[in-house]
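Before I ask anything, let me first share the structure, which is written out below as structure tokens.
Chain lettering (A, B and C) follows the sequence in which the chains are written, and residue indices restart at 1 in each chain.
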Amino acid sequence: MATEDTNTSDTRGIELPQVARLSRLARLGLSPEELERLGVQLAAIVSAVGKLAEADTDHVDPTAQVGGLTNVLRHDVVVDGLSQEDALANAASKEAGLLRVPAIQ
Amino acid sequence: MTSIWEPVIGLEVHAQLLTASKMFCGCRAQYLGIPPNSNTCPVCLGLPGTLPVINQVAVELTIRTALALNCEIPEFSKFDRKNYFYPDLPKGYQISQFDLPLSINGCLEFEVEGRVVRAGITRVHLEEDAGTLHHAGEIHNSAFSLVDLNRAGVPLMEIVGEPDLRHPAEAPAYLAALRQTLIYLGVNDGNMEEGSLRCDANISLRRRGTSTLGAKVEVKNMNSFRSIQRALEFELARQTELLEQDQPVAQETRGWSDLEQVTVSQRSKEEAQEYRYFPEPDLPPLVISRAYVEELRAALPELPRAARRRLQERYQLTADQARLIAETAADAAYFEAVVAAGAVPHAAANWQVQNLQALCNAAHVPVSGCRVLPGSLAELVTLVVTEQVSGAVAKEVLAEIFESGARPAEVVASKGLGQVSDTDRLATFIEEALAGNQKAAADYQSGNDRALGSLVGAVMALSKGTANPKLVSQLLRDRLPRS
Amino acid sequence: MSLLARPIAELARGLRSRDFSSVELLESALAEVAREDGELGAFLRTTAGPALVQAQRADRLLSDDPASASPLLGIPVAYKDVLCTKGVETTAGSRILEGFIPPFSATAVERMEAAGAVSLGKLNCDEFAMGSSNENSAFQATRNPWAADRVPGGSSGGSAVAVAARLVSATLGTDTGGSIRLPASFCGVVGVKPSYGRVSRYGLIAFASSLDQIGPLTKTVEDAALVMQVIAGVDPRDSTSSPAPSGDLLGALKSGVAGLRVGIPKEYLAMAIEAGVRGVFDQSATLLAAAGAQLVDVSLPSTEYALAAYYVIAPAEVSSNLARMDGVRFGPGFGTAANLMEAYERARHIGFGPEVRRRIALGTYVLSSGYYDAYYLRAQKVRTLVAKDFERVFKEVDCVISPTAPTTAFRMGERVADPLAMYATDLLTLPANLAGVSGISVPAGFADGLPVGLQVLGPYMGEATCFRVAAAVEEMAQVWQIRPGTKGVPEAAG
């Protein structure tokens, strides 16, 4: 199983506030120590992918889809779905057929 | 005195599409009145491993709407992911359209206070609706939200208006015209109470005569035409006051409270949303052929403005009559059927919009769906026009037909409601009326014209409304020479 | 040869001539699992009960109409735990999906079941398929059957091991940057990455939507072709699945390589490749030339940017794909979290391992405003360059070959501390995912007692060519029958 470590060649970190913001945006819930470690690792990776800047991409269109498919559509037809029970079967918290979550502050 | 501060208003409208199934899966697009979470499937639940597939009709209805709003349809369009966390958003992102929407650059004309205003439409694009949130009360000292995903995935059309409106009153007028167009097209049912049509507004103020816009405030939670106007009036006043005191207007989102009749800042403690849009990798892009666009354009139904103009010209109606008759395409079709059945257009129009519409409104049924068939209304209108039945009596007959569906002639005959124009019979009523209203008779003869009205009224009452009022009036004048 | 060591076609013949039944075949497989898998850790869970029902059904069909149906009828298989299986727990190797029971099966699984394959259960993998060594699973380690202290490769480690150890006849894995081909190479089995869109992704718990493909791992190239026949083909539930026809894979197996132009990309061979691996590669090339193939040096100049593009695109897509893992409709509840933000953070903190968190953070970063153009948009342009390189090269040659991996299986724990070193394991495999082209890894030899795979890459929707070359290599190298623990294979070095 994976373990955490900070053995990276580049020890310059991405600024902590920036990593903290990423963690919040992605709801990762990282502790301050985890944020610091992640910052260092991210910096190394970001530095490596910075190589992209060297490629000559002028006059090149981005590829979002390799398959070249277009206009994949379906007919407007109703198909039976899940029962309420099946839809909620995996939910940890529910009440009267509704999913239950803590309130948004 | 005109304020130095001019409001700059744009509306953002979300309209659920009248498709059979949801935007990206085969669940029903109608979700009212059913148990929670009973209209879902793995796709709209956002279960791991599921993939979206685009509803062809949703695309068609959106392009059709865009054409009706004079938009340009690009050759290439795609979907994008809008990423954020919220309990009513199962995938943690909404599939929407960012930089290559289905349409751009349209316009909508509408009337407000007698003027015609032309407002720009920035874009019309397609996306999916989220689920619904119900807030529960306190449970063990914690507050909870309850989530129903029946609505998640319903196709939603977003119509973004240019900030071309210059007065709060223009907002409901714009929305009414837009709503009418959507109903005419058959793409949306126009129901704001149930949330199938929703509207947010952006308002900022600028010094009249300049082009520098002030801070833009987004206003949400306006659930009726009236709230929209009130909310914008409130904002206009609030922002004007701040600016007049040299204070800054914060760029923020505010929610309208119907209860307190104010807008309240919704700036949360969290940071601004960062949506990280990127092209939806699970959906190939759309290439929209010009032939397809022209096919849809040719198949557009008659739209409200064209319908109003046509009715006015063809049937010599007034602008007001035409506007009311053409409120919906069904109403206009009803009217035309009444005329086709032989009624005089002008009279038929009045009877439909003044009398029949009132009955229908009270009973919550559309004119085209009530028991008064076009042929019946035509018959009734003709009876009135040919003076076989008085106006007052006809109103009663209409009410009767509305309930029972019987034909007018039957009702008139069975109740003996035919208008009396026989002068001998009228003479009897007149003598009786004069006997009981001697003062009025004397007043009239000494020069008081208005006294005639009460005498006519007395004759009408005695004849149970069947006397021909014009004739009665004439006969009374003959009978009571002026001194 | 024990039953599970035989190729599928041989088993199919045996079933039809009543040498043994599907139930007996299943029992044989379960016995192997019981004996070996305690050490190997390939399976996360076995489903013996439902498997028995499937085997009994297969036996009934075989007796009713022996000539009928698919060669996969009654054949023991298993699926990587990123594939949804209806009614059977599916975790993607992650705690955040512990206990998740999908109410539906992936299309590929449904097709296997319709063909009568008998599933023994779900296989271990790196969490959400992110990893090259299978060391990122939240639940257990999987060991390479050739050497217990070595990784099986990832992320389809369990899938490769189950085939290599002869526990089942075939498995389904997934390949996003090399996750089928790499473990296939490390474990000495065949692994296929189909062209993007060839196999439906419906029911595959998504990692990188524009790169993921489901594919078979098997002992022989013919076995892989038999599985491909069943799972490939357009699916209305996956808008990215292609209606392009499959091509005759089985026919391709017999075509030989005479006259075929085989490219050797100079940028791939210029990478740091272990001497033993290089030796096996050179030998395979020589064999192909001797069999009539024309070896051609080719160039794929964008290769040097491929890793960077991959490590922008894949994390970006997965950061979005994993946003649905919020603990609400499935997964761990929110315990006593006071508010919604805390609830999400708690579920995701407990639920996600460090590699997953790293990639989500990276993906969130490259999609953020201010960085989108410099990273994501630019990476998608580099992707175009990589795809165009392949398009151009496939006009000069019919396929390209290379070692599948720069090394043989490395030791457990050797690379976990250094993410960049781990990512470099995929240097030879990930360009094919960026371009969407077809690829296969076929066992080609050994170095220091550990398997070495040869990678064959073919044009988009050109699997047939890959299979043709792979079959020839398999025929000439004659190593597929050597199983872990066989005498005569040099012991793994210290």
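Definition applied: contacts are C-beta pairs under 8 Å (C-beta built on N, C-alpha and C of every residue); 3 or more make two chains touch, one makes a residue touch a chain.
Small disclaimer: the values here were computed from a predicted structure and weren't measured.
Nearest to the common centre of all protein CA atoms is the CA centroid of chain A. Set side by side, A-B and A-C show the greater C-beta contact count at A-C. Taking each chain's centre as the mean of its C-alpha atoms, subunit B lies 57 Å from subunit C. Spacing of subunit A relative to subunit B, judged by their CA centroids, is 43 angstrom.
The centroid of the Cα atoms in subunit A and the matching centroid in subunit C are 23 Å apart.
Residues of subunit B found to touch two or more other chains are 42, 45, 53-54, 85, 87, 142, 145, 147, 270, 274, 276, 281, 283-284.
Each of the following residues of subunit C touches two or more other chains: 100, 103, 210, 236, 239-240, 323, 326, 328-330, 338, 340-341, 344, 364, 368. Residue positions of subunit A touching 2 or more other chains: 25, 27, 64-65, 67, 69, 72, 74, 82, 88, 99, 101-105.
Only residues 42, 45-54, 81, 83, 85, 87, 90-93, 142, 145, 147, 270, 274, 276, 278, 281-284 of subunit B touch subunit C when the two sit together in their complex. The touching residues of subunit B, when paired with subunit A in their complex, are 19-21, 25-28, 35-42, 44-45, 53-59, 78, 85-87, 134-136, 142-149, 268-271, 274, 276, 279, 281, 283-287. Note for the complex: subunit C touches subunit A at residues 99-101, 103, 127, 131, 135-141, 196-197, 210, 236, 239-240, 242, 302, 304-305, 307-309, 311-312, 319, 323, 326-334, 337-346, 348-349, 352-355, 357-358, 360-362, 364-366, 368, 374-375, 377-385, 387, 416-420, 434-436, 460. Per the touch definition, subunit A reaches subunit C in the complex via residues 1-5, 7-9, 14, 19, 22-23, 25-30, 34, 38, 41-42, 44-46, 48-55, 57, 60-67, 69, 72, 74, 82, 86, 88-93, 99, 101-105. Considering their complex, residues 83-84, 90, 92, 97, 100, 102-104, 106, 201-206, 208-210, 236-240, 316-317, 320, 322-326, 328-330, 338, 340-341, 344, 364, 367-369, 372, 376 of subunit C touch subunit B.
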